[in-house]
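One chain, chain A, appears in both complexes that follow, with chain B as partner in the first and chain C in the second.
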Partner chain A sequence: MSLDIRTKTIILLLVTCTVGIVTNLAVEISAVCFLAMMQLLSGKSVFQYRLLIIYLALVLTQVFLFPILPETLVMVLSLFVVSLRKLFPTAMGFVWIYKTTKVNQLIATLTKMRIPKGAIVSIAVTLRFFPTIFEEWGHIRDAMRIRAIKQKGLHPFRNIIRTMECYCVPLLISATKTADELSAAAITRGIDNPATATCRKYKSMSAVDYGALALTLILTIGAVVA
Partner chain B sequence: MKETQKMQSKDFITCGIFSALSLVALMIATVANITPYTSLLYTSLYALLNGTIFLLVCIKVPKSGAILVFSVVPFAFMASRGWENMILAGSIAICALLSELILKKNRNNSTRIAVAYMVYTTYISISGSFGMFVFPDVYCNNAIERGINPTIVEGIRGLLNYGTWAGMIALTALASVGGIALGRSLMKKHLHKAGVA
Partner chain C sequence: MIEIQNLTFTYDTGDSAQHPGIKDINLSIERGTCVLLCGQSGCGKSTILKSLNGLIPHFHGGDKSGCVLIDGLNVDDTPMFCLSQKVASVFQNPKSQFFNVDAESEVTFSLENQGIAVEAIDNLLGETIRDLGLEKLINKSVFHMSGGEKQIVAFAAAYISTAEIVVLDEPSANLDADSIGVIRGILQKMKQNGKTIIIAEHRLSYLAGLVDSAYYISDGCITQVLDGAELFVLADTQRKALGLRGLHVDNTLDLANCVITPNAIKKNQLIVENLHLAYGKNLVCDSVSFSADSGEIIGITGKNGAGKSTLSRCLCGLHKQKSGTITWNGQKLNMRQRRHMSYIVMQDVNHQLFADSVLNECMMGIDDVNTLDATAILKELELHEQSEAHPQSLSGGQKQRLAIAVSVVANKRLVIFDEPTSGLDYKSMLQVSGLIRKIAESGTIVLIVTHDVELIQSACTRCILIGGSEI
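Up next, the complex of A and B:
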């Protein structure tokens, strides 16, 4: 199932608003299951089973383990478990949108919506560059391990500052270089062309989109009213 | 060739890339939200981490509108996170606009950048914790309903007053000055040598 970016954004908004308004655990579980179903319908590679397993583990801990654990332990654990659990509906939604949205389709849709060019380019670049940051982070970590950057004798605070510096500086240099390279590539490919950009893969809202929106709306109203 | 003062595609791309880095800084700072006690330090941590990125945007894109374009991604990110974050999204737009007004055309002045950044980070210290401090009872009831231990919530309730909020805003303002200073020292020590800025 392939949904339009507008549909996916509205679904995410409805789900996060519902979870924000209704503090019921059953509603939150339903929201996470609904988003997991959306991921599954969008493709096997989109479905984040690890996230779902972690979420279920947190819910089971809260429902079954907390009543039998000592009060002191519950006091410490409840903060961590509940705060982490609260992030899952949003995280599941973002992963779903991120994994199913192609940058060219996003640009075409936003252009059709008459969003300013600056905002479109900024969002598209962020979406494209985001995974690169984590890759870069991994490379920096490997390089630090090889060169044994961490100094054991150093004061812990100075060690933190040093580690931060070791991560930040290469990341900023790499980001600046990527910005220059990406600009050159985009200019070569005609980003400055004043004509309206077209996209072969652009598709308008279909019956599936309206169906998904209607289903989400019904579920949202049901959750708020119940 | 004379450089135009209008934002070009290259500038939009640079702002987009730094926006992505800013989101990563926000994600790192969000770790502080894991407990309500440490969440009081979340805004200052974000201000400290994001300072260098803000400084680089000001220096790499010294044109009007750079901060507004830089704020598009955090705005879209917050706006899609539900009704609680809608106020936050709105204040990002307002603070970015105010920062633009402070910076005007003079984007190499350290003091001006620091003040603009201090104003920029108020979106997170004021609007980010607005619900928590203005409606503490609702916040605490929600926390209990979500499953947090009532004894802990009672402890948190004692911290939720206007004094703590003012302290948090002041700490964030201090952290934003620290963030810009950190950025300056990183630039002096490394980035100038690498030819980045």
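Up next, the complex of A and C:
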């Protein structure tokens, strides 16, 4: 199943708003299940079972562990467990959209929606930028693992700060370089051409899109009313 | 027709080591010819290319005088998107010139930006796929492509474009011999189709028979003009004096030329047995076995995507093997122990420099080292004058030497170099090779992952072909 970017955005907005307004665990769990189903339907590589497992662990901690743990510990833990849990529906929605949207398809749809060229270019560049940054992050992590970065005798907190610093400096340097090279590559291919770009991969909203939207809307109303 | 008249340019940044300018360049290039710009790293080749594709003055700021005319149009007064229809570009780094996440969209990207009708694009795409034999590549995702495949797609994008002029900046820097063969084929087809090709390159052998004229650039000026035939019959001594890389393909890896014999004292021994490497279910490397003694310098070579990087990551304890063992002086090593004793000098050394000064970089995280020892090592690597400088302010070569210094201070016994000479001219390559030999003399086992045959011949004691058998 492949949905239009607009459908996906609206679904994400609806789900996030519902979960934000109706603070009910059952609703949140259904929202996560719904998004997991959307991910599964969009393809095996889109589906993130790890996210689902972490979410399950958080819910189980809250439901079963919190009642039996000492109160002070619950106070400290809940800050982490509950707030992290609440982010899950949004995070899963973003992963779903990110993994299923091609840059040229996005440009095509935004162009058809008559979004200004400048905005489209910035969105496209930003989206393209992330995978490169993740890759760089991996290299830096490798480099840090073969060197002892942590210093013995240093306060653990100072060591954490130091580790973060070690990630940030090379990452910023290579991010600037990558951004520069990507932009240079983009403008030598005429991304700033004021002519309306060809929407080669553009597909208009289909029955599946409207179906998915209707389903989400019904579920949302159901959740709000109930 | 391209006309460059009295072109002088200096970059805003003022750092002439990293951003060399050009002085008083005069050039005229006929339609349909193939022009080579050669010279040592930092001589200004790229600057000339950037003033052709419009990145100078539209993207990089600086002082410019003189003018560049493309078919009578002045580059300064022509907006980037118009220039992009006249000049297509291929850059050195395949990673950061890919704008889309699949090959097909990338190839058609410049056409889509121009707003050409869908049917016309589809026709052109079909032709390009047929001409260049891209059937297998076209639906692949960027994340599953090797560097060589990405570069081939970048070439296809230049091939399909309406641009009559193609500008290439060291496109072969990170490629294996097979991919270079493919891009040579594409260049030939471009030339047959009447495109004008301007290429800046260190690796020259694959351009034999394609180049019509070659300009040798030194310190931002054109100092010598040769025609293609003249260039490729230069005597070896002349070529080396100019600091140029080998002119003829030498894939035979004739290691009889390797004059280096391993150090006689066998202090340490690394044995790799039946190593199987995989990412998830994808097998990368199958039963790799070899042994290495201290003082040896072993080249590891093989196609892009054959598993060379995975192997080096595994040896350093950054990737867990599926099966097989790595032993050091008879003792089996786990990941942690491997991380402790080994080191990689990465292709992009920027990733591994963390501290705020060169001296601190050497001492970082190491408890039992004193400033004197570290300074002595820096002096050995000619970095002592910069010991207070910030690592990121150093030049590329200095950064690489600093990364090496770190490995010496940390007393690493196994050092792996990942493509240490990609994009380097002949002299710099020899310097790196000398440095590597120096490290090996102290008893360290050195592995070099590379496609650079000249480096292997000048530094390695033997060579392992991954995805094939040991030589």
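To be clear about the criterion, the second predicted complex is superposed on the first by the 200 of 226 C-alpha atoms of A that agree within 3 Å, B and C clash if a C-alpha of one lies under 4 Å from a C-alpha of the other, contacts with A are read in each partner's own complex, and residues count from 1 in each chain.
To be clear about the criterion, a residue touches a chain if its C-beta (ideal position, glycine included) is under 8 Å from a C-beta of that chain, and two chains touch if they have at least 3 such contacts.
In this text, all values refer to a predicted model and were calculated from it rather than measured experimentally.
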| item | value |
| --- | --- |
| First, second, both or neither for A:I191, with chain B first and chain C second | both |
| Touched partner set for A:T126, first chain B, second chain C, both or neither | first |
| Partner chain(s) touched by A:S206 [first = chain B, second = chain C, both, neither] | neither |
| Touching partner for A:S2 - first (chain B), second (chain C), both, neither | neither |
| Partner chain in contact with A:D142 - chain B first, chain C second, else both or neither | second |
| First, second, both or neither for A:V103, with chain B first and chain C second | second |
| Doubly contacted residues of chain A, that is, touched by chain B and again by chain C | 124, 165, 169, 173, 178, 182-183, 186-187, 191-192 |
| Touching residues on chain B, where the partner in the complex is chain A | 7-10, 12-21, 23-24, 33-36, 52-53, 56, 60, 65, 68-70, 72-73, 76, 80-84, 142-143, 145-149, 151-152, 186, 190-191, 194, 196-197 |
| Touch list for chain A against partner chain C, complex | 102-104, 107, 124, 128, 131-132, 135-136, 139-140, 142-152, 165-166, 169-170, 173-174, 177-178, 181-201 |
| Footprint of chain A on chain C - complex, ascending | 53-55, 58-59, 79-81, 83-85, 87-89, 91, 93, 95-102, 105, 108-118, 121-122, 142-143, 157, 161, 313, 316-318, 339, 342-344, 346, 348, 350-354, 364-367, 392, 406, 410 |
| Contacting residues of chain A [partner chain B, same complex] | 9, 12-13, 16-17, 19-21, 23-25, 62, 66, 71, 74-75, 78-86, 90, 94, 117-119, 121-126, 129-130, 133, 165, 168-169, 171-173, 175-176, 178-179, 182-183, 186-187, 191-192 |
